[in-house]
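Chain IDs A, B, C and D follow the sequence of writing; residue 1 opens each chain.
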């Protein structure tokens, strides 16, 4: 399904090289100040062509609000968003029309739907995530009223890992460089790794870190729709994302219980969990600590070297994927991860409100 | 919500120390051979008291089928399952009635619901997963008709990592030892690590590996309900699970595109992706390779050492958690991870069938 | 699907002549006083064997709460309910094992599921509605805290129509007679019509009226999940229900706009719509007037006269349906209609609360 | 929520006097021939300005397909549709900006959302149903492949009732006149009633009849999502619809069981139910008889006579609603009812297919 969320719902449509992308945000509370500029800020961070490291595709990605806003405020009606594709160039993909690109969804989509939209991945293109970022911008406005801030950054690129303090990292530090790595030293090494990969006509992956600060205890749900489960789902639904960990995740699985539990602390707002090991969620419900998680992204599948594959008739062929591709998706993945977190948290805020949270 | 799945749906209810647990499996196709023994096999693998390493709680965990089966076959009606709690001993938790156990959901649940079921975690207890395992057993029967087999094992415990070949690992290898690690050498080291932790009144975590073999290309869904996204959600909704990775996940994020793409191979059944790096899913849809993923579990939060915490009035206290607890959940987590995978795959099978999969 | 509701969700399972019926109520706010006696009151009103007019089946219909309640109050966890079938007598249906009863779901279920549970309708039996009534009792407790009261009564039976004032009708008036018609004159005529039908080995239908008083303006949803749409769905999902009308419904469609609009009135609580023509809902959202609707029920399909039908092999046969059947379902349908309204309204209350209703 | 359907899902957005309306149809099977002309045919039947009887608003209602179609066929991706508002004239509503129009959703929406989009009803305008008709056109194409035909007509207008045979009525008979009443005699009387109402500056209501022919036995679902329940919900979610009845509905509730059950008949395709009393559905599942239902529509709330109401400050005022309004919605409601039926049936077709219908 192309819809996500239970009370705050995002539906997206559109192909990479079709006429337009679009999104519908349903369930947005009324009375939120909203205009296109607010959404555009986030969209611009995901936009291609931001620097030397990203695809040269030149999409303005201008969003138009079609509904749900009246006199500058949301009305409670669904918010329709439209992003026209202006720089679509399906012709560039014509040479690959009859083959399955390795690592892409060409073959699996064909197996699922029995047909093939060969124009740059069609619906499977990461261009669809522009709609999630647009929806996330609205979720951000909802959460801002609750004092919640969500930030994502590039934590690792290729084999370079940054040092980032999730308690203090700022938007300005993240946006200080197109790589979106707030660690100045690491990003020098990252840039070097990127240059090296590009020179080798190759691509790299990495890890995005994300923190949500200001979430009070009591947001979330037990059992199946746990907050961390919905966060993981939202992240794993991002193209190229192959892993998710909450708090100290995989590394923490090697530790011992006696040192793993985050302690409590008393604050002016009441009791809170302090510490980042647990990632701010216990049993599916926020505990007052910052919500912290990481997402692993595989290296970009479309690289510049020759690859063996098969054509639609089942004959083996060798191809070299040309076209406009990022050597890495990481800097542009960060805002998409943010959007995933924003949409998930805002949905759970509304769900929590429905039940009438009581607090201890 | 206590329901998961879109077409094959599992609803669970029940607390650890209440009268009973229960599950409703809705959407099961008619004509499936089903009796209590078939479910009991899986339940017994999750059951406490299986060996030296697990909690001494003695629950028979006998399941009763209340509906949905007639003359030995499913009818298409919802299948109601009941598991009575016989060995419930809420009194053992009375000393902790007024305090929040660190690392548990005591505090977050209280914040969410404004009250506290102190009887062994209440709804937050991992005992609820018995219902998922029961539902998973039914999903297993659905998938068996399609030639799909799902196996999970203990891949790491504490700092010991096993070597397991997901292409060939068998149920017999996994069940050869209560630790559910199919690598005989590793499990010796694991048992030693476990003994060491127990002697230190401590607990450990680890990693569960899981493979689904036989899934044809074309199962799954694009965008939000990607197969890997639903798998991640199902896994992260398991108590103590803090991480999920598909294929080579986090490690793969350090590699390069030129060596990361799994190749295609032609088989008697048609084209398939071969290789385990991608984890058998592209763009949310199975590609014919085995579906492979790993889940990280934190060390058990209830250990035998003194811990600082707060009571319900906000006063700091020191506690030692007594009671019946596993030094590790890993061997019993494996069947729960299997259930998560089984339920997710069977749901996507039905969803795929609804659209009428065509195949290339 | 055997689940209804978006935030307050009811899942039911169980067959008429299987081991048990059950229900899971999910999303119930914590802190509600709840015990089995509260549910039993409503169940007893739906129970068979209440008077001369209803089936002689003797089911105690004792409900057991399995979860979700602790120390006398709901916890926010799902509430599991169990009703054992004690007086099940599938043998009585053996003669009809191989034939399709006209007017029943025997044939359509067989077409859908490819098999036949011939034991008294199996899942299609109206006995399943006991679970809805149990769920409705919990919804009633939720709504009572908001000052909302829901009452249903027999408004017409056979060709006899009662005169009932929905503004003033009371529970006592409805329960004054097993027929549940609060109009004393009409119920004499109804009883006579029923006697006449029974003497002719025949059955009759009728109309249930229902009012919800105390619903403030602003509950509901626009477009697809309109309050009246969800009410209609809940009612049409009751066995034998064939029609639904809001306010003056079908009769009103013959009127003119100049006299049809309900007027506004100013009250101490603020502006309200007054009048019953519109049924208390405009555009899917309550307007402050009592919510009033009616449901048509067809005559009971199982009557005592010979009928032509076909057996499973496709051969024409003549049958006479014996067994324990009501000559009319109307008196027992009233509590089921109440449950449908209660569950729908409580779900919309929670949905409205999630968005944070503002009011003019 | 602004989304309907479980597997075939329609999401709509847009206000009557905003920039555009839009729809997303998700879950459409791949390989369906689809272009804008196919959708436009149905849209044109709902379009304003079709004759003397309808609003003079001149909207071309041109639909643009934004996604989900490639090389003339659906791809399985969501289909985004856009209808720009060209003739929006919110200024016409400025005089009513500060008052609640009786019979409209002005007040209830304000109570729900705390604000007021006074531009011609905003989201509550029946103009939104254009999106449903567009979605219904796609559902029609899905159903056509299964041999299912859905037709709706004006069965009653004011106090005039037509005689229509649902077994034989044709599209040509319905479209022979802008009133969409296939009974030539009745439509003369209807036209007269309409002239009379218009002369009195008044409005009228009526009844739409609808039949689905060719639905095989076995489509639908038991319990809550019964086919008739989903049809009722879809119809009651249409603006001004106040009643729904399946088969002989309310009239049938006065009959007796011995004459009410529709008989079976053996056909070359197998056993089928014959007869229109039951409306083609038993227990939520189609039985092979034509599916027949009726919807009651109240008289249009905006008439040309003075009305008493209140302004937003709570002061009583008298208003006369000017503007572009239909004296009746019935001829334009027929295609909307068709769309409701088409979307519901196509969704249930996919749901039935998911389970793998077996048939007796």
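Following the convention adopted for this analysis, a contact is a pair of C-beta atoms (placed from the backbone, for glycine too) under 8 Å apart; a residue touches a chain by one contact, two chains touch by 3 or more.
Please read these numbers as outputs of a predicted model, since none were measured by experiment.
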* Asked: If you tally the C-beta contacts for A-C and for A-D, which one comes out higher?
  -> A-D
* Distance between chain centroids, defined by C-alpha means - subunit C, subunit D (Å) -> 26
* Where the CA atoms of subunit A average out and where those of subunit D average out, how many Å apart are those spots? -> 39
* To do: With chain centres taken as the means of their Cα atoms, state the distance from subunit A to subunit C in Å.
  => 45
* To do: Provide the list of subunit B residues touching at least two other chains, using ranges where the numbers run on.
  => 1-3, 6, 12, 27, 30-31, 76-77, 112-115, 123, 222, 355, 358
* If each chain is a dot and touching chains are joined, what shape do you get: line, ring, star, complete or other? -> complete
* Asked: Which of the residues in subunit A end up touching subunit B in this complex?
  -> 1-4, 6, 10, 12, 100, 102-116, 123-124, 128, 156, 158-159, 197, 200-207, 216-226, 228-237, 239, 242-250, 252-258, 260-264, 266, 270-271, 273, 278-279, 281-288, 296-303, 305, 307-310, 312, 314, 316, 352, 355, 357-360
* Asked: Along subunit B, where are the residues that touch subunit C in the complex?
  -> 1-3, 9, 11-15, 18-22, 24, 26-27, 30-31, 64-68, 70, 73, 75-80, 82, 112-115, 117, 119, 122-123
* Please name which positions on subunit B make contact with subunit D in the complex. => 6-7, 27, 29-31, 76-77, 222, 350-351, 353-356, 358
